[in-house]
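Chain IDs A, B, C and D follow the sequence of writing; residue 1 opens each chain.
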Amino acid sequence: MPAAVAQLSRVAVFLQEHGDSAELAQAGDGGGLAAYAWLIPVVPMVVAFLILFFGKYSPWKGWGMATAALGFVAVYGTVLAVANLRDGIVAEFSVNVGDIGTFAIEWGWVVDGLSILMFFLVGVVGLLVFVYANAYMKGDARYTWFFASFTLFAGGMLVLVSAPNFIQLIVGWELVGVSSYLLIGHYWEDMDNIDAANKAFMTNKVADAALFIGAIIMSLSAGSFQFSEIFTRMIEGQTTLGQFGFWAGLAIFIGAMGKSAQFPFHVWLPDAMAGPTPVSALMHAATMVTAGVYLIARLFPFYQLPEFSGSVSTIIVIIGAITLLSMGLLAIVQDDIKRVLAYSTVSQLGYMVAALGVGAYTAGLFHLFTHAFFKALLFLGAGSIIHAVHSNNMSDMGGLRKYMPATFWTFLVGTAALVGIFPFAGFWSKDEIISSAFFNATNNPEFAVWFMVVLSILGAFITAFYMARVVSLTFFGTYLGDAKPHESPAVMVVPMVALAVGAATAGLLNIPGLTEVVTDWVTTRAFPIVEHHFAQPEYFLIAIVTPVVLLGLFIGWRLFGPSSELHYTGTGGEAVDVSAPQRKVAVERDTFRIPVLYPVLENKYYIDDLYMNGLVRPTMGPIADATLWVDMNVVDAVPNLGAGVARYAAAAVAVIDDNAVDGFYNVTGATTGATGSFLRQLFPGRVQQYVALSFAGVVIFAALFVIF
Amino acid sequence: MTIGDWLTESANWAFLFLAIPTFVASVMVVSSRNVVRAVLYLVIALGGSAALFLMLGAEFVGWTVVLVYIGAVIILFLIGIMITRAPLTKSVDLSHPISAKAPAALLSVLLFGVVAWAVVESFGLETIPLPEEATRTGEIGLSIFTSWVIPFEVVSFVLLAALIGGIVLARKDEPAEVP
Amino acid sequence: MTSGFFWLDTFVKVAIALGFMLGLALPVIYAELKIMAHMQNRVGPYYAGGRWGWAQPIADGLKFVQKEDLVPADADAPVFKTAPYVVIMATIAIFVVIPLGPDLVARDLDLGAFYLLAISSIGTLGVLMAGWSSANKYSLMGGLRAAAQLIAYELPLLLAVLAVVVQAGTMSLTGIVEAQSAAITIGPISVSLPFILTGQIISFVIFVIAMVAELSRIPFDMPIAESELTMGYLTEYSSVRFSMFFLAEYASLIALSMVVATLFLGGYFVPLVPEAWLNLVGPMVVLGKAALIVFFVLWIRSTFPRLREDQLQNLAWRWLIPISLVNILVISFFAVAI
Amino acid sequence: MMTIIQWILLGAALFSVGLYGVLTRRNAVLVLASVEIMLAAVNINLVAFDTYLSDPAYTGQIFALFVIALAAAEVGVGIAIILMIFRNRHSVDVDELDLMRY
């Protein structure tokens, strides 16, 4: 096939130019396994609608169908993953739906390492969360509806990750957006939840607009919506893509920031905790927020080349670094356990985004992979606790270790994985990110990369600190809640245990120089990825980071653990009847009050207030109030002062004024009035007269043009 | 080319056969003193223009004029007139007085003069090739949906807005509902 | 386009269509008299012409012609006199594009179906002219009702035709018939099916309902409802002009029935007849199919009561138009998918 | 042979007549009717130039179609406005519509 040969030779040129660090994976086409991969997005989508129409009449009221669909995805994803590891799969299929001018609108599916990773994650994590949700949602008024929209949520994500072109990607993107809106607002009887859903939707919409613009710029300048076409144009050295690349890349990154809740767009994610906990678990693990990371990874061949994307990757690094630290800090002061985890997610997403920004493609996706396990686990654990104590607040918890041992131990595994304790999953992935960043920083000393290295080490400290706080306040000390805590049913515990196994071992899949499964996995793509591979773990960095993490855990334990002075100790761990003052104490000790920083963190850097007061409220009207205030207090002050002075001066001048000056002005005024009355006669407000005058102008100008 | 040459061409006779009624009818539209008749003259003028389009081979445009203008717009006009209680007899107040008509006439004649001058200057006696057969509608459709798809969508949006606007404007104000 | 014979050609063909129309309208009028009579257990015309009263329509026509041609004193005479011509012209023009055989068509326009709709909308204009120029409140109300009704039902009519056009892939009526004569192979059987059997049943129903409304026949005869408006826009007409409206109504009935036959029932095409013979057999086939529709419309007339004005508008705007839009959507989907 | 100017002159003449109507009519419905004549004149020009240029994309015809569509929209809204004015003021005389004056 000449076309394939031509493409290979272009790739070869590209490889020469970019050195031996780029590697084109050896891959087959996956055969029938890839050809039928369209079932992966289609099955959940179809099932979502089936549940909508027939769910109420089916066994288990829709849960069965939803779980079956996710089970199918999980099995298919696993089979694909295994096949990918054995032979490598790079395949792309497109079906033409229609044309707009020279642009083909296509529906298709990409089967390569990156999309298989996502299929696998959505399928496996989704399946576990769905199983868990059966018990968690029991007795909900809209049980079937929940599973319909939840399946749509997973299906939308699969449409997104299977997309070979921007159009389908945006369709999936919007499906995820709209189903997340439905799910966040699931308990819509409460106004706060509606607000949260609206906030998530609106914030995402702002970013989506940027994504549309970016996708349109990029597709127009490359001449196709197809990703592979765009990359081919890139390798051929298309000039228009070079010209518009920066703006396209930036706009698309802004879109990714919205879905992945990066720094200025992070506001919706903690509020999105209003949804049921399984939704949070899936949203934070494999769906929705990873979409942004996935998008950057999908377009990584573009972002890795500054001659096309300009300095976008620097912006990505800085945004990611700011996010990972600032959001970690916010997690310190939250009382709501789910909010802590939410900010933790945003912080970890910052790691992934920053990693992709510095060119650590594998590291970023590896962290995405491990994070899916331990964050899903932590959320399910939090859900289990909430299920037991009927409250989201950690000031209502404490001492649960005794009542919920399974939850405690799995949560502990998740915590270890998140903070990066050897040999749990987070240790390997976070280490790889920091190593890659450090390698880039030493090879290419750029401010942004150093900034990221420092911030990510600080971030690791913060992560350890707040996780120590969560574990201490939740599982140690005295139980302070009202409800009777109990261990969750088996159907909830089993997924947690399964995820705990994943969280403990997922990191072992990519030990540098040893296993490197995930590396092979995600670099199996039709276009080569330029990045540095480590032959072995970077012991030097481990030697820095691990003590930092341990220090964080220690300080957290000292401040919030049962032995701390701050901690309220009851009568030795048993549940006690806690009085109101004691509760107040509990709430106060729960929050870590750093003198200056605390108010800032408490108010989430005032960003929510800024959006609310700067963007939302003014559009609803009160911009007038603000203007009025400024007008009354600032603007008026000057005239008032002036007026005070002027009044005395005026009295003196009045005499002259009345006689000489007034005369002049009266004449002037009368003249103006008379002129106005005269001119008014010329323009009597009749449309036809205006038409006549304008056409007279047309005639005159036309005549002038003809003459000259 | 002399007038004589011009008149020997049968197509020109067909042109005159259509153009003169069209012009006369449009003059009647602006000068008739009976409002319904004026609109009926508009039918003739537009029908004449439709026939001229057919002559130019623009069949789709021609029949669209018939369908949209004569079939819908004129009906709208007539209903509008009838609802605003037009008298059967001649009305005196359909037009402005002669003092306002004179400058308008002058302006129109000037406009025509300038345009005619410009056209004769720039085109002279260039000829127009009449098509052998009518434009295939399929080709127009293809062109609309490839080269002109965005204007087409914009027009459809404008039509939708006009539809909604028309309904909102023309509906009677409902008395405030008592819950 | 501008061949020397173009206009002559056109005039001859219009003349043929005129004759055709007159030749068909009288039998249909007679058929209506007899069929309705039998449906209501009456005998119907009996004396005129001897057997079965076959000369009754002719006698009626003669009766109209010999009456005085009245023009009301306050009427706008030119408009009043022109109105019937406008209506009848719109009717005749429909015949121009209806194919009676593969070559038997006055002018096979590339956009025949579009032409059909454009021309038939002119009839509304004549009705409004008649209603307004009569200087009679009943006439004006009748004219307005007629205009509102015709506009309302023109949309479903148009949309139903559009659905057929989408399926056939052409607006030429000959092309539509050819599309229906194309063989469909299902397993071992290969048959030619008319559109009514291949997915256009909804369009067919919509078209026939809208057609009856366009013709202002019972149950859609609000514009000329005797009990409310005397005779609507026809109140002031008499003699030849009245008979022209009368004739136009029946001619339209035939014309639209032939359009139904062409669009939905396969037109001049019959299976098993060699193509060379179609020019010979075609006219009979089309007329036979149209006769079925005509009979159906007459049947409806003696069966249904009249609709109220608001029910009539509701039916068009709230039912027929949405249904036909959905219908087009479904048919377009299949047209693209298959 | 047919000349192009005869078509353009017809268009110009119709346009001027329409303009005269727009300027002199007092009845709002007739002002709209005159506008329709102007638009028809424009359409004649568009289609004539399309034929003259033998445009493969049929730009002239397509723009004539757009003009027709927009004219239909304009009449729909225009008549609705006129009905509204008639309901409020019992007149469709444009002379009395001088609210824009002050």
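Quick note on the criterion: contacts are C-beta pairs under 8 Å (C-beta built on N, C-alpha and C of every residue); 3 or more make two chains touch, one makes a residue touch a chain.
This structure is a prediction, so every number in the text was calculated from the model and none was measured.
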item	value
Selected interface, B-D versus A-B, where C-beta contact pairs are more numerous	B-D
Centre-of-Cα separation between chain B and chain A, whole angstrom	56
Chain B and chain D, separation of their C-alpha mean positions in angstrom	6
Distance between the centres, which are taken as Cα means, of chain D and chain C, whole angstrom	33
Rounded Å distance, chain A centre to chain D centre (Cα mean)	53
Numbers and ranges of chain A residues touching at least 2 other chains	688, 692, 695
Where chain C touches two or more other chains, by residue	none
For chain B, residues that touch 2 or more chains besides their own	11, 57, 60, 64, 72, 79, 96, 104, 107, 111, 115, 130-131, 147
Chain contact topology (line, ring, star, complete or other)	other
Residue ranges of chain D touching chain B (in the complex, touch as defined)	1-10, 12-21, 23-27, 29-30, 32-34, 36-37, 40, 43-44, 47-48, 50-52, 54, 57-59, 61-62, 64-66, 68-77, 79-84, 86, 92-93, 95
Complex interface listing, chain D residues touching chain A	19, 22-24, 31, 94-95, 97-102
Chain B-touching residues of chain A, taken from the complex the two chains share	99-101, 688, 692, 695-696, 698-699, 702-703, 705-706
In the complex with chain A, residue positions of chain B that touch it	96, 103-104, 107, 110-111, 114-115, 117-118, 121, 146-147, 149
Residue ranges of chain A touching chain D (in the complex, touch as defined)	680, 683-688, 691-692, 695
